[in-house]
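Each structure below is given as structure tokens.
Presented sequentially are two complexes of subunit A, the first with subunit B as partner and the second with subunit C.
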Partner chain A sequence: MNWEIKTVAMFASEALREGYLGAAGYIILGVVAIAGFLAVLGMVLIYAERKVAGHFQCRLGPMRVGWHGVLQTVADTIKLFLKEDIVPFQADKVLHILAPLFTLLGTLLVLAVVPFSPGMQVADVNIGVVYVTAVGGFGVLGILLGGWSSNNKWSLVGAMRAGAQIISYEVSATLALLVVVLFSGSLKLSDIILSQEQGWWIWRAPVVGLVGFVIFFIASTAEINRTPFDLPEGESELTAGFHTEYSGMRFAFFFLAEFINMFIISAIAATLYLGGWMPFHIGGLDGFNAVMDLLPPGAWFAGKTSFLIFVLMWFRWTFPRLRVDQLMRLEWKILLPIGFVNLIAAAFMVMFGWYYGN
Partner chain B sequence: MEIKFKTLVAPEIKRGCLMGNMFNALGSLWKGMKITIYYLTHPSTVVTQQYPENRETLKMMDRFRAQLTMAHDENGHHTCTACGICDQNCPNGSINVVDRKNPITGKKELDRYIWRMDSCTFCNICVQVCPFGTLEMKGNFEASVYDRRLFVYTLNKYAGPDQKNLLKIENLDDRKKQMESRDIFGGPVPLSGQSIAGLEAGVFDQLRKTEEAATNG
Partner chain C sequence: MDNFVSDILFYVFAAFSISLAMLVVTTRRILRAAVYLMCVLGASAAFFILLGAEFLAGVQILVYIGGIVVLLVFAVMLTRSVDLLEERPTLVRKAIGGLAALSFFGTTALILTSTTFPVLRGGPLPPNNTAALGKKLLDYGSEGFVLPFEIISLLLLTAVIGGIVIARKTSVEKGGN
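Coming up: the complex of A and B.
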């Protein structure tokens, strides 16, 4: 099957030949689409998380606003809009205001390259994987700034923890990303997906793919500060960590970024290891592959991503939080060595062609 | 005298090999995940009550502690001897056992059993220490009132001898004479020596009725 990749950025560059106006129109379309998607997805994810969390803990979750509480997040958003935005006394005002924007910016920029389906992607950068890792770093910048500028001990401790944690785990996450880059031979997200036409990397690269996936999943869970790695927030010891002093809309930005990041790492993990929007194919079985193609690629992407998001929620509501030293030990003594061995093994496998469908 | 020192060795934490630990950890994490997914897929495990929608059908747990009551048997007799053990054992001083001398026999008997809900922590100590099994914790949790003086309850319904001594009296009329009625919100309270004022007599009857309905039903 021939997949034709179309992105908003391509349309914009085509329109640029005609004139600036059309290109500007496409760019605005892309930005509005991402912003709208961000807002809607944030609300849906928060509602889903609360509902799932409730049932994981023998509760019901939100039940009052709308049918089974579906409008709860809408009501919460309105409340956050109307709340007073407090900047603490003697805080660094400019940084305090900028910090949540930085965090959200990192999230927004990554969202621009997430391939939803062949015809649905805002931009298909040729260094996709590098871009994702690089831009994702904005998040920690926002967290550090927020903690630093709040003029509050808890915020500062939370932010420093976040810095240490994110920088450590980025190493493992990147090593795991490189495994897929080695196998697919490209940094471009759409190429990586197309390279999985004969099967997803998680099983086509025996063992190495699975280990890489697990490492990436654990490391990126830590990178987005989700339980069991939510030390920067650590309610029990740090009140709310880096966003202790935030309220109203600015708090909502941090919160939103956190939830969208959950979507992003699920989407990236699905793209790299589970074939993104690529239906489940087994190289050689054409009849089987044709049946799998009946489901549109967008549905495959949504299915894989929501499954991974569910797993993340499952983790969050089951596992206890790690201690700081355990956190560092897990990264530097366990994940990183395994990641290195895995990468070297992957390099050999690519060199000798020891993988399925080669 | 020679002092002998004992060397204490800190117990060593058993650590397996790295791989063993890792698989152990993964196994135990999976165990936890199995439990939570069981809860998720079985909505019958939900314990949340949709109060007040289900107010009519709501059944409180038997062990829920929300209101101290004094048990009265079918003749309206209680078994409190005014010994004051509960009074002494209450960590918050929420109980005041007011005793008096029986006008005829001169024996000590209960005048007023005063319980202050506003300072009670529902620790259940009073119920457990009472040697006569007089007290009972009930699950009536809808305790909001508009006047905090209404948190001061008189638990006994009459002042007079306890069940055992009352049953010794053969004549029913004589028994009745020994039982002087007590109101649930009447009488002096440990509130800077003030008495409950500002409430009409009819209010007590009304409150008592709802109170009885709640504690009995």
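Coming up: the complex of A and C.
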């Protein structure tokens, strides 16, 4: 099957040959689409998290606002809009205000390259994987600045923990990403998906793919500060960590970024290891592949991503929080050595062609 | 038409970059200086994109914003509090600083105007310049750069090991102090 990749950025550059207005229109379309998606996805994820959490604990979760509580997050969003926005008297005001925006910026920029389906992607940059890793840096910067500028001990400790944790786990996550880059021979996300037409990398690269996927998933869970790696917030130890002093919409920005990050790591993991929007194909079985193609690629992407998001929520109600020393030991003594060995093994496999469908 | 847009973008980013670079050295709050520095480095990434070097832009953000600025902020967080302001420089220090900046600007401008930069290879850029860059770095023929690449890798590895050695806990001698 021939997949044709179309992105908003491509339409914009085509329109630029005709005139500025068309190009500007496409750019605005892209930005509005991302912003709208961000807002809606945030609400959906928060509702899903509360429902999943409820059922894990034999509760019902939100039930009162709307049918089975579907309007609960809408109500909560309105409440957050109306809340007073407090900046502590002794805080560095400019940085206190900018910090949540930086965090949200890091999230927004990644959302721009997520390939939803062959014809649905805002920009398909040449350096996809590098870009995803690079703009993630804004997130940690926002957390560090927010914690420091609040001028509060809890915030500072939370921010320090977040910084140490995110910087450490970024190493393992990047090593795991490189495995797929080696196999597919491209940094571009659409090329990586197209390279999985005969099968997803998680099984086409025997063992190495699975190990890479697990490492990436664990390391990214730590990178986005989700339980069991939620030490930067650690309610029972640090009040609320780096966002103790935040209220109203600025708190909502941190909160939103956290939930959207959950979507992003699921989407990136699905794109790199589970074929993104590529249907479940087995190389050689054309009849089977044709049946799988009946489902549109967008549905495949949504299915894989939602499953991974569910796994992340499942983690939250399964594992207890790590201690700081356990956190560092897990990264530097366990994940990192495995990641290096995995990468070297992957390099040999690519060199000698020891993978399926080669 | 493409050139016009990129020209405008260049001047916008240049103005942004210069004004924020001024703020980096004039602000009295050290963490704000780090944030301004981050914006300047981001603007340089934008210049790389305008020049068609996306990979360099990505690495610029990855290394400088995600690495160096974060470490800077981390170091400042360990040592300074929000309330502390840098002291105002004396007139002499201001004058010396201004002189140093001016002479550096003069030298750079002189070199830039007096040098003709040869274009190594004419024609359009290869469509996938990231792959071309990777091939160049690992090419051991006369056109390749594998030797500098390997030397830099070795240097970085040494730095990493050195960092671990410095940070390692040294065992306390028994009985001694």
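Rule of thumb we're sticking to: the second predicted complex is superposed on the first by the 358 of 358 C-alpha atoms of A that agree within 3 Å, B and C clash if a C-alpha of one lies under 4 Å from a C-alpha of the other, contacts with A are read in each partner's own complex, and residues count from 1 in each chain.
The rule we apply is simple: a contact is a pair of C-beta atoms (placed from the backbone, for glycine too) under 8 Å apart; a residue touches a chain by one contact, two chains touch by 3 or more.
What you are looking at is a predicted structure, and each value in this text was computed from that prediction instead of being measured.
By the touch criterion defined above, A:Val171 reaches neither subunit B nor subunit C.
When the shared chain is aligned, no partner comes close enough to touch A:Ala33: not subunit B, not subunit C. When the two complexes are overlaid on their common chain A, residue A:Val140 makes contact with subunit C while staying clear of subunit B. Of the two partner chains placed around the shared chain by superposition, subunit B is the only one that A:Met63 touches, whereas subunit C remains out of contact.
Legend: residue contacts after superposition of the two complexes on their common chain; A:Met160 is shown touching subunit C, with no touch to subunit B. More residues of subunit A lie in contact with C than with the other chain of the pair subunit B and subunit C.
Legend: residue contacts after superposition of the two complexes on their common chain; A:Val94 is shown touching subunit C, with no touch to subunit B.
When both complexes are overlaid on chain A, the residue A:Arg17 reaches subunit C alone and has no touch with subunit B. Judged by the document's definition of touching, no subunit A residue lies at the interface with subunit B and also at the interface with subunit C.
Contact residues of subunit A toward subunit B in the complex are 52, 54-60, 63, 314-315, 317-319, 334. Residue ranges on subunit B touching subunit A, taken from their complex, read 18, 22, 29, 32-33, 35-37, 39-40, 43, 45-48, 50.
Contact residues on subunit C toward subunit A in their complex (touch as defined above): 1-2, 5, 29, 31-32, 35, 38, 54-55, 57-59, 61-62, 65-67, 69-70, 73-74, 76-78, 81-83, 128-131. Within the complex, the subunit A residues that touch subunit C are 16-17, 20, 90-92, 94-95, 98, 125-127, 130-131, 133-138, 140-141, 144-145, 147-149, 151, 156, 159-160, 163, 167, 170, 186-187.
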